[in-house]
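Think of it as A, B and C in the order they're written, each chain with its own count starting at 1.
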Amino acid sequence: MIEQMSCDERFLTLAKELNYDIYGENTAGGHYVPLIRHHDEVYVSGLVPRMNGKIQYPGRVGKELNLADAQAAASISAMRGLSLIVDAIGSLDKIKSLIRVTVYVRCTEDFVDLSDVANGASDVFSHVLGDAGKHTRTTVGVYQLPKNAAVEVDMIVALRPSAL
Amino acid sequence: MIEQMSCDERFLTLAKELNYDIYGENTAGGHYVPLIRHHDEVYVSGLVPRMNGKIQYPGRVGKELNLADAQAAASISAMRGLSLIVDAIGSLDKIKSLIRVTVYVRCTEDFVDLSDVANGASDVFSHVLGDAGKHTRTTVGVYQLPKNAAVEVDMIVALRPSAL
Amino acid sequence: MIEQMSCDERFLTLAKELNYDIYGENTAGGHYVPLIRHHDEVYVSGLVPRMNGKIQYPGRVGKELNLADAQAAASISAMRGLSLIVDAIGSLDKIKSLIRVTVYVRCTEDFVDLSDVANGASDVFSHVLGDAGKHTRTTVGVYQLPKNAAVEVDMIVALRPSAL
């Protein structure tokens, strides 16, 4: 059944489930822009898990936050990315692939399950975009992130030729 | 008045103000090259705030360095990036946009004003390039940087069609 | 003499020297793909130094690991990247340049020789690819990496027009 829905429909359904306001967080918190399109590529700025104007799951993974919290944070960053793309290009069904996803995790010195945290973002991309959600990924554990966020995700998206 | 100056003129004026030797730091400190052009894109290597052959503002933000120091460091990295681009393509007026800027900040465990540090680089891009200085940005707090630098900045630049 | 060998021959020779199984590690450890090609660019996911199914040189540089260990780890990540590219496009001789290499080093608070660690990867690229091994590079010291790895390397590769 789910296969017959468009990417946009799956996105809206998931946003509803997560109670995520898809147009609420489309601003940048510094002197930059959230997104730039260059030919058939869209570069998306690093996104912290902001929802309803507030960082969700602030803290350090392995200390204040556990794996499930961190995955939830990563999924919110992923939803923000998709939301910015919908807003800019009109439809997620125009996406061919996510050629680069980088996931930064603010963790403790001995927390090593970084790939599991990043899967929180990857699973959103797969669920919403299906085959077009395939992506390369780099995941690293960092010391600090803006505004005490636990996770930050940036993306480079390739669009389908038919979208140009 | 400033609007009527070219990007190159604004760059040279700012370099003078900052006492920045625009051709002094165009080398890489390892087995790589500072910059590669591919079609209408220019990839610039990660740049630490080197000036007159010396890392400026070495240390950790939140410990040896305060926010103003860190912003000054970020602005020097940004100037180095622009300087490398001038050197490679002849003029900053050929830039269409900075499709990706990544700012790495070497900070303490509880320093969270990373976006403010990164604005030190972003403001140089805006001031020199005007509208073409628009960029996506990812800012993260890292544990360590080469040569004890406080900030490192890398860039991907898109050129105007007329520049090709 | 070595100049007359193809990139592929140099790669296979080096793999033999390092006892590196070139098709052994071509899987991703999370919900993503190791590599995506988009036009004449190939994006390679972040690669930890895995060999024979096991992370090599796990630990923190400056503590459990010294510079030589870290360089060896970086060279294994580089070999994994080249191996994935051979597997995907058939020959390393199709590479024009590595437009972006990012090297993440998991180090102690006071380890600053990050560029020397990254040279472990850069030297593999130069040795195997010759002039086509030229690359821009960003090197940062991170707090943690997946699976306790000491180094992670990701890449964006540009292909020769004749390879398309």
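To be clear about the criterion, a contact is a pair of C-beta atoms (placed from the backbone, for glycine too) under 8 Å apart; a residue touches a chain by one contact, two chains touch by 3 or more.
Keep in mind it's a predicted model, so treat the numbers as computed, not measured.
Q: Subunit A-subunit C contact: same residues or different, taking over half shared as same?
A: Mostly different residues.
Q: In steps of 5 degrees, what rotation angle do you get fitting subunit B onto subunit C on the CA atoms?
A: So the copies are related by a turn of 120 degrees.
Q: Can you give the whole-Å distance between the Cα centres of subunit A and subunit C?
A: Here the centre of subunit C sits 26 Å away from the centre of subunit A.
Q: Residue numbers in subunit A touching 2 or more other chains?
A: Residue numbers touching two or more other chains: 41, 102, 142-143, 156.
Q: Tell me, which parts of subunit B touch subunit C in their complex?
A: Where subunit B meets subunit C, its residues are 28-36, 38, 41, 43-46, 102, 104, 106, 142-148, 152, 154, 156.
Q: Any idea which subunit A residues touch subunit C in the complex?
A: Per the touch definition, subunit A meets subunit C at residues 41, 96-97, 99-102, 105, 107-112, 114-116, 118-119, 122-123, 126, 134-143, 156, 158.
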